[in-house]
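Two complexes follow with chain A in common, the first pairing it with chain B and the second with chain C.
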Partner chain A sequence: MSATTSATGVGAVDHYEVRKERLNTIIRYTLLITMGLIMLYPLFWLIGASFKSNAEIFTEVGFWPSRLDFTPYIKGWKTSTEYTFTRYFFNSFLIVIPRIIVTVISCVLVAYAFARFDFWGKKILFSIMVATMMLPQIVLRIPQYIMFQHFDMLDSYTPLILPSAFATDTFFVFMLVQFLRGIPRDMEEAAQMDGCNSLQMLWYIIVPLLKPAIISVIVFQFIWTMNDFIGPLIYLSSVDKYPVSLALKISIGATEEVEWGSVIAISVLALLPSVAVFFAAQKHFVDGVASTGLKG
Partner chain B sequence: MASVTLNKIAKVYPNGFKAVHDIDFKINDGEFVVLVGPSGCAKSTLLRMVAGLESITSGELKIGDKVVNRAPPKDRGAAMVFQNYALYPHMKVRENLAFGLKLQGLPKDEVASRVLDAAKLLEIETLLDRFPRQLSGGQSQRVAVGRAIVKKPQVFLFDEPLSNLDAKLRASMRVRITELHQQLKAAGLPCTVIYVTHDQVEAMTMGERICVLKEGRIQQFDTPSMLYNQPANTFVASFIGSPEMNILDAHLSVNGSDRTVTLLGGSSRLPETKLSVHGTELPIKLGLRPENVLVNASDERDVLWIDCEISHIEYMGSEVFAYFRVGDATITSRLPASQAALVSALKRGDKARIGLQLLHSHLFDAETGVNLNSTH
Partner chain C sequence: MYENKRLGLLYCLPFVIGVALFKLFPFAMSFALSFTQFDLIEPPKYIGLENYREMMTTDKLFPKSLGVTLMFVALTVPLRLAAALMVAQVLNFKLKGINFFRSAFYLPSILGGSIAVSILWRFVFAKNGLVNQAMTALGAEPIMWLGDENYSMWTIVTLNVWQFGSSMVIFLAALQNVPTSLYEAAAMDGAGKTTVFFRITVPLITPVIFFNLIMQTVHAFQEFNGPYMVTEGGPLHSTYLLSLYIYDQSFKLFNLGYGTALSWVLFALVATLSAVAFYSSKYWVYYAGEKERS
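Here is the complex of A and B:
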């Protein structure tokens, strides 16, 4: 910033300033890039190892594979079970997609109510909701399991999806409420003058304004559900219903000798959807933030 | 058919603050009324109550002959232009204009033609396919007005619509809005306008009648010339007019039909006017507009000459404002530029002689500030 301003001036001092600024930039970037690479190293190793044989994985230090061999991928995809990973990915999406849909609908509705309506006991209800955020998920597992057992819903996807339909992902509600509070009410008042009722207001005004926050909800819920291991482990018992996270686990345990290359190759593939969703959404994060910037 | 009648309207906010105190007035069909007052005097509150965005604590609000106290905003036949425009950022200008009409369920071609008419009227046709963030302040403002016009409302409500614009644009938009009101009237579609502003120049130039508010109470509701020439009290007197009216402590002696004021060490007989005063000796506040303060001019009847010091001078182009000090009081004089020579040579602290044209003075009660002229 100041480099450009001082460069427009004249004299030796300015040259010195420019050089100092440039040096600073170089140091800053070198430091950041090094840190970034260190943090990304396990990922590089993972990708590299996915092309290696068992022997190579445990003997070679470097992450660069000796040959580009896709057999671990093919083997891994086939799995030692009767289903291929096509099935498991499909299962994952059967959980993730409905869950995202019910999460967004329920959380937006609840957040709208908390942020924009006055009702009896609102403050207390909101604090209770925030308090449940502090509650570790694990505490709820047993009662929830027993409950779903009574409902006769075990070994189906319902226990994994249904809770989200009641806005139990309080973190998302909280995030949406905070976002909504930051949006001035004038537009809603204008919409009220235009004749919107509460639901029309939600649909035509609030949801478009909330878009960036909703996209964050989608991304987080996608990644978290995709990676969720405990939930499916507890509720699902038939292999044909397993999502990717569980299938990965059984691909380690099923055979006597573990083919690490295949396991790692599938791990890499299992990462891809989350990474893809993140990058696809990234543009909208930026877009959304820019479009809510109101002009004064 | 769309008069607006307020009958003992009061507003108490949930935190117990009483913002509006029993306000009564009637705005006739097709009239342009300005609500004006300093910040925090409840102009917006009043307007929002008419719009239906704020609940009415007590009293009766009528639009036309219908009591609309509890009617939702859309059933009141009013459209509002907000201070920061409140355009929908995710819709193009065209959709912004059409949104309300679509909600009303009007047929598509009717919506399109109304949007186009409004856009032509406001010269925003070329902007129809832009998003609000791609507009300048003045353009956004016109779109906001357009969004109100397309609905063909019975009542237009404006809440300081020009306060975000620069001075030049504000002046031209001022003219535009008044013209628009005249145009609609001429076209046989008179609409009632309630316009809120804190700027007295805007109020004086735009309003057919002006309602001056202070702390949630009406001070005076009258035409611009009446406000200027017969202010009801010292608040209105000093609020309307720029520079402010001089308000000086004075003493009034009444002896039959003879009235003498004493102020700033001088005294003068007042011309015959009807005054509603009780008693013979009383302290008063004397108000005198800056244009009625003469500088070094030749003697005139009913002028009280006073020696003073000059404080400073402001050149405004066509006129000059000169500020004088007499003891603790400051007196402002407004001179045409042709007389600038009278004061331009003077430096701060120089002696001068000013003449107060008491013929044009306003007398106010010293305590209540109420105008003593009996027409009030």
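Here is the complex of A and C:
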């Protein structure tokens, strides 16, 4: 623009800019909505299909069922095994809840050490921690299996929970450390002057400050453990100990004639806990994910 | 208090024990086991490089599985990162309802790893599934996605690319951190949108691209649920990823020595690729403050 641009000229440019901006907004919204619909459509379809008959599932691409029939849910819940899904959901929670508790405790302690204390070997230990985040779990699976077999812990939930009690889910430690590093130490210094010891400090100062990050840990661990399939597949052999993921798998292989309606209905129910937890905590948690990738 | 070295180590103790017991020891043990023949009943028998030799010579399934794995990673990681960056770029705008969209795009990442979604994917790609019905509506010939070895790979690739949300939120946060002054300056100089994106946005977020690239690659090499549930490794082993092969060798055939050797090949691949990425990063990753601003 030259310096001699007249007042009307500026007005015209502004007008053009506004229109361009508006068009831009419309394009973005259209793109986002179209993409969102395509991405989420399979999930909507799954919900609709859970009310459909076997024949309808394979012919009807629309997600709206022609009837609202809960038989697939009832049939699916009963399963073709001797246990119902009540048992399998209960089992899943028997794994998930203790695992979350030990994960939070161990990871907060270790993150506190890394973020605040100065101790021998800290640098090396921190590097090891970051390296294990990138270490494929698959390399460790067989030796871990042999170890748990040696300790006679196969076909129990111990192999699925115990490692988490030792802060081995290093992704969480890393996330908490990054979060804690971003918090100034003023409050801790004040508390120390008031004679707080480190345990009191942790409980009364650090944990409340870490709350958003701890929520992320809980949500992640909940969803990942609910989704975990290969762990239970390797370690659990009795059907009465199966969590939902394994029970779903056998519901397909159990009979020749698969009742797809029931399988779909149970799939919907299997997804519900994760969806509920996600929406309950989404704000905290999506922000938490974003920040871990950035800092550091 | 924070200078108390013993106290710090005490808090760190769970990790010290955990990493030794559940990471380092198994890591060393798996390396040792890869030179043995072991079936869980008899004690491991040292056979030197026999497992690795078998992979290179007599085992026809290994090269197939390795090729399939590399193909899977080469398709999944770039597509997933591109989708994530593209959607993040569209979202990075003064937009009403940005949180809603962010959550909607993130949802598949939450559910995608579950068995339930793997089951859903079988319907998406079934003969009369959603994809084929959409293709028919658009006038294309339906494809036997799950039955044709030339197309089966796409079923598990799309399942993974569908979960781009986790990378997207990280990209989005990075994009929001790019100073607007840079964009304004570029606009003053008359730079077009594409130029601004490739000359300003992309260079500034290279650290995040690097982070996502590494994490997604490590992840993709270990993909299991998709091929196990959606395609069951088939047809004709066209989706038989190494993770599946390792599982079958170790926990179905109980060739644990061979299984660990396979897992070490996978590890060596991941480690080499990560090393290349780290080594090359000084040429393409931009860290604010380390180099002069361009």
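Everything that follows uses one rule, which is that the second predicted complex is superposed on the first by the 254 of 296 C-alpha atoms of A that agree within 3 Å, B and C clash if a C-alpha of one lies under 4 Å from a C-alpha of the other, contacts with A are read in each partner's own complex, and residues count from 1 in each chain.
FYI, a contact is a pair of C-beta atoms (placed from the backbone, for glycine too) under 8 Å apart; a residue touches a chain by one contact, two chains touch by 3 or more.
Just so you know, these numbers come straight off a predicted model, no measurement behind them.
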Original post:
Counting only touches as set out at the top, which of chain B and chain C does A:L68 meet: first, second, both, neither?
Top reply: neither
**OP:** For A:V110, select first, second, both or neither according to whether it touches chain B, chain C, the two together, or no partner.
**Re:** second
**OP:** State whether A:L125 touches chain B only (first), chain C only (second), both chains, or neither.
**Re:** second
**OP:** Could you say whether A:L43 touches chain B, chain C, both of them, or neither, answering first, second, both or neither?
**Re:** second
**OP:** Check whether A:S274 is in contact with chain B, with chain C, with both or with neither, and answer first, second, both or neither.
**Re:** second
Original post:
Does chain A have more residues touched by chain B or by chain C?
Top reply: C
**OP:** May I ask you to decide whether A:Q200 touches chain B, chain C, both, or neither, giving the answer as first, second, both or neither?
**Re:** first
**OP:** Please work out whether A:Q192 is in contact with chain B alone, chain C alone, both, or neither, and reply first, second, both or neither.
**Re:** both
**OP:** Name the contact category of A:L209: first (chain B only), second (chain C only), both, or neither.
**Re:** first
Subject >> Residues of chain A that lie at the interface with chain B and also at the interface with chain C >> reply: 192, 291-294
**OP:** Could you pull out which chain A residues touch chain B in their complex?
**Re:** 184, 186-187, 189-196, 200, 204-205, 208-209, 211, 291-296
Original post:
Where on chain B does chain A make contact in their complex?
Top reply: 51-53, 72-74, 78-80, 82, 84, 86-90, 99-100, 103-104, 131-133, 135, 137, 140, 147, 151, 164
Original post:
For chain C, which residues count as touching chain A in their complex?
Top reply: 1-12, 14-19, 21-27, 29-30, 33, 40, 87, 90-91, 93, 95, 99, 101-108, 110-111, 113-117, 119-121, 123-124, 126, 128, 130, 133-134, 162, 166, 169-170, 172-174, 177, 208, 211-212, 214-215, 218, 221-222, 224-225, 228-229, 243, 246-247, 250-251, 256, 259-260, 263-264, 266-267, 270, 274
**OP:** Going by the contact rule at the top, pick out the chain A residues touching chain C in the complex.
**Re:** 24-25, 28-29, 31-32, 35-36, 39-43, 45-46, 49, 57-59, 61, 106, 109-110, 112-114, 116-122, 125, 128-129, 132, 134-147, 149, 163, 165-168, 173, 192, 197-198, 201, 223-224, 226-227, 229-230, 233-234, 245-246, 248-249, 252, 260, 263-264, 266-268, 270-271, 274-275, 278-279, 282-283, 286, 289-294
